[in-house]
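There's a structure below that I have some questions on.
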Amino acid sequence: LRVERVRLAIIGVSGYAGAELAMLCSEHPAFSLRAAVADRWQGEALGACTGGVRGPARGLRVVPMRDAAAAALSADVALLATPAEVSAQLAPELLVRGVRVVDLSGAFRLTDPAAYPRWYGFTHPAPELLAEARYGLPEVPGAAGDAPRARTARLVANPGCYATAAILALAPLVARRAVALDALFADGKSGVTGAGRKVEERLLFNEIAENLSPYRVGNHQHAPEIELVLSRVAGAEVKLTFTPHLLPIRRGLTVTAYGRLAEGVDAAAIEAIVAGYFPEGGGEVRVVAPEAVTIGGVAGTNRALVGARGDADRRTAVAIASLDNLRKGAASQALQNLCEMVGVPFSPEERDEHE
Amino acid sequence: LRVERVRLAIIGVSGYAGAELAMLCSEHPAFSLRAAVADRWQGEALGACTGGVRGPARGLRVVPMRDAAAAALSADVALLATPAEVSAQLAPELLVRGVRVVDLSGAFRLTDPAAYPRWYGFTHPAPELLAEARYGLPEVPGAAGDAPRARTARLVANPGCYATAAILALAPLVARRAVALDALFADGKSGVTGAGRKVEERLLFNEIAENLSPYRVGNHQHAPEIELVLSRVAGAEVKLTFTPHLLPIRRGLTVTAYGRLAEGVDAAAIEAIVAGYFPEGGGEVRVVAPEAVTIGGVAGTNRALVGARGDADRRTAVAIASLDNLRKGAASQALQNLCEMVGVPFSPEERDEHE
Amino acid sequence: LRVERVRLAIIGVSGYAGAELAMLCSEHPAFSLRAAVADRWQGEALGACTGGVRGPARGLRVVPMRDAAAAALSADVALLATPAEVSAQLAPELLVRGVRVVDLSGAFRLTDPAAYPRWYGFTHPAPELLAEARYGLPEVPGAAGDAPRARTARLVANPGCYATAAILALAPLVARRAVALDALFADGKSGVTGAGRKVEERLLFNEIAENLSPYRVGNHQHAPEIELVLSRVAGAEVKLTFTPHLLPIRRGLTVTAYGRLAEGVDAAAIEAIVAGYFPEGGGEVRVVAPEAVTIGGVAGTNRALVGARGDADRRTAVAIASLDNLRKGAASQALQNLCEMVGVPFSPEERDEHE
Amino acid sequence: LRVERVRLAIIGVSGYAGAELAMLCSEHPAFSLRAAVADRWQGEALGACTGGVRGPARGLRVVPMRDAAAAALSADVALLATPAEVSAQLAPELLVRGVRVVDLSGAFRLTDPAAYPRWYGFTHPAPELLAEARYGLPEVPGAAGDAPRARTARLVANPGCYATAAILALAPLVARRAVALDALFADGKSGVTGAGRKVEERLLFNEIAENLSPYRVGNHQHAPEIELVLSRVAGAEVKLTFTPHLLPIRRGLTVTAYGRLAEGVDAAAIEAIVAGYFPEGGGEVRVVAPEAVTIGGVAGTNRALVGARGDADRRTAVAIASLDNLRKGAASQALQNLCEMVGVPFSPEERDEHE
């Protein structure tokens, strides 16, 4: 059976998301990690660099970034946990040689090439791939628009962490047209690993502890991503204002989203709309009371929690989603997409049933 | 000069806000603390119970709550840091004997007696005082409506911590009618001292650290308070949806507020509208860029930070305010109100000029 | 194969250690959880109470404490995560009916019945079992003295969390007589879960965050436990002074231990003595440089880190050990002992080899 | 009165200790801050750079380090909050021009020039000053040995943060010869500001939170400082082994110290020895029960807490001290020394009495 394992390469394995991905892939029986690429740990055994990696992947030597493309050729699928500009360069090189790609950066999440200089600071080198890339948010029907379905997709754009939470919170309400689409609001709060493994003064313990800071107000690259995907889900243009905040925690994020009820929608129906949207046992989303949507309930898991409530007096709705930014907001969602691409079960429970 | 000091009593001195108040009052040259009341520390010297108290107040013996009214008679003004239901009972008793009152609870913040069973869980014992109580938010013109001005007020209702932040963030925009009043949103995040000194499982370190929890979604008693005061400021009905979250920090809170721009309002004008609303040197509010509105910038100070920005593409505005929930959200604002009532400068800077 | 799984009961499943134990046991292929006992969650499905439980154990209904003995009769081995006084009552009842016991409390760690009133506050109801109980610290030869070996033991006393760390740090040095035995010192620092799921003011976030508190100075019940076991290991009386401190973290503890070098011992030999004591691949202890003995390196794992260094100028040695108080300090060590009792591999790596 | 204020310069004002010093000096009525020097904030107004500065010092422009000596000439006393190597260069330049110096670095704490390459990594440029420098720990008689007394001292070496705590904990016991001097142990735990404002990966929130790390085991520069000063206090050689640990807090440190009781000393006498050593009202040290020596009790204050207890069974003593590393461990102790040098009261209480 082992000879049939799908071969993987992880590019950018030394970042928080890349290391998490290495751990998760090493535990999944359907995959075999063949290449791990990063400048930081080059030459070392992967198992010595990062704690949770299991099995043969522990002995894998980390290869420097200059050899990324060559290393990835040994794999059936390459997982890119690299900055958007690096992914945008690397993905076309790999695809042309027949390696499928799951990209964890924003390089293939937006469809309009013109958006890249504005939001990511570079001119996209492969704009023709933007239409082809599949937006990989498995629990949200229609999130990927007209892109190929997972089994045939060559290139999957793994969603942003805030974007995953905001879309999970609001997709049920925009899909059912329960809220006015012209002015939604999303207030994000994330732990520090969301910023990546950067040695910057603003990320020092002394700056983060006992603090909360808004950042990139009106200017975060996940805002156009959320609008694009929710517009697909709604089948109409959605406008959303997003403000992220940095929390004094390590992992996990919450998005609290707000909108006005659409005419004729009963505030009391909001909870049922959300509960009915995500089928039980379907994917990694659990619907709970909004007060139970906590970061403590998702940190270290692959799960997202979603809860919502309508306000009859004010004719508004609140929808809240929490997830672990390194799991459902990055690495475990990438693995989930990978499993869909190759047709194997993702979660241990699914695997139990599959066996 | 010292013989003319205004005599104070603090009822509920053992709570977080009460203890902070004792410290601040003991440092202010215009006041003399004559009575400190609380069951928790009864019989002990105030200075032995709580660190920062200075001067003669250190030796003051704490008196039990059953003697609160009697103890307060020795004072010109009583500061009530007690639960709303206790304040509602105590304030009328004191006023009738000529003791002026600053109440830190919600007992006199709302004007409609019918709101008390709904939001505070008791029938108000002194509904006739609700119209007389002055809502004490010094930096916001019109916040107190038709109540007596501070110098003549007998009863000041000190604003709620979230309410102070939400009103400071939105008052400029509603006063200038820069946003649509029918659907404003306020997302609150507060440190644990906002919940008071309660020994509850949800406030244990193990529950709070590395966590974020929404609570009382659509059901927090500060929502009607904010709506009431912003409606006064706007001169028209304001509807606001509020969601509070518990942060893994000890002190400080941030409210991030959202609204749709009113017709004809330029998104680029939002920052100037907020900056122009709070005159420089007027009170404890500083207007900064929204990214600079951090809890780290206000914790342990009497200051509130406010920042705002318009979004031209989405026709929306974001306004953010941060403050220390035990200072500008409770004790220092109470002292500020007290200073207005007796006509002495509040801040050290003002005092320097006054001398 | 599944019919041969060893049947387990966990008594006290709602505490931090009990819940961790349920999770670990549910993931181990050699065991089948048949009973979960606790008053807190009674009547609920175990999987709904605590996140990480997997497989059939998720559906197990929690039984109240009054039915503990009856419930445990369905098991081959009962794991007691109960207060010492409860364990001391329950263990004899179970043993007499042929159920083997692993006890996570201190009820069977000391050998002198007279020590119980002093350190645990009760007269021991089954003093005859104290000699029989096996002290279960697998990596330390001789820790259990003359008790039966694991395969035949009926009753295993799972070591205390601080005791495990202190003994792992010092066992190599006392076994080799590298330090003077008359005056060792152990300075402990533990996260809050070490205190159990107690709703006490001292464990509130506001009391723990940005704080460090020593407690039970010269009076902690792990001190006699450490002395007893180190004396067995040394074959001579060991005296140790222990001071625990409460850290502002959730999980994990470190013990930093100090002693004077024995005459003739070379300070430079200390590191090699420790490294040589724990054979590679033997158990859950990893020897590293003392600066690498961090809580971050063990939290959420079954591993203990140990490091040591001699000081030639001062003729002293420092030995440091870190572990997760809920894993190697409680639940995973209990599972490790359980595996030894029934002769199955403990760790995933061992299991891989075993299959 | 104002013309007589002592003029100060702070060199290195942008570090954590320097900024704290600026705040404390600006609040003290006996001093006038004339120069603030740092590269980081050069050209900006001091009050805009750091929150708590009061009065005229707010408007002071920060001068770059290349102008440090020139700027300091405007002052009667220069406070050096600079790295040891910078202080060692700067102090002689200032002294020769008649400016007195309080140095917060280690540049003048040791007396043996040969110790500098080993512990501080540079050859001392002014070894002749090492004998003259006064070790400024006001509450410990004899700490400064034969150096000039404070009123006449030209150069004061402000003690290290760990050293202050370790010496305060142990001075009473070594002065009274209550413990064996040949092998004392000090276990230190400090918040991250003790490391200074350094942008290093090990100081990121993600590395520090939920962690505890020992560092420089057997190799910290405060060890020889503590031994030197305790030897002066004891009048005999003291040997001390010191291990520091990094805590997940921002401010504050604790040193837990251990020793064997000297022959004939009663364990029960230890508490009284410590309590009797520090006279009530003398300085910033408060003696309390060892369990009350918490970081929460000193953070943000100028106070040190000290507690001790003997162990009769083991013939040992534990002594614990806590202080705020930026206050009593750095800036407030520097101001305390400065006040002694110029003969003005240090604390607000003293000042009240002085007026």
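Chains here go by letter, A, B, C and D, matching the order in which they are written, and residues are numbered from 1 within each.
By definition in this document, a contact is a pair of C-beta atoms (placed from the backbone, for glycine too) under 8 Å apart; a residue touches a chain by one contact, two chains touch by 3 or more.
Model, not experiment: these values are computed from the prediction.
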| item | value |
| --- | --- |
| Touch graph components, with chain B removed from consideration | one piece |
| Greatest separation from chain A - chain, by CA centre | D |
| Distance from chain C to chain B - Cα centre to Cα centre, in angstrom | 48 |
| Approximate Å spacing (C-alpha centroids) for the pair chain B, chain D | 39 |
| Residue numbers of chain C (touch at least two other chains) | 207, 209-210, 248-250 |
| Chain D to chain B touching residues, read off their complex | 51, 54-55, 209-210, 297, 300-301, 348-349, 352 |
| Chain A partner contacts - residues on chain B that touch it in the complex | 183, 185, 187, 189, 191, 207, 209-218, 239-241, 243, 245, 247-252, 254, 256, 258, 260, 290-291, 293-296, 299, 307, 309, 311, 313-316, 318, 320, 322 |
| Residue ranges of chain A touching chain D (in the complex, touch as defined) | 16, 192-193, 197, 199-201, 203-210, 248-250 |
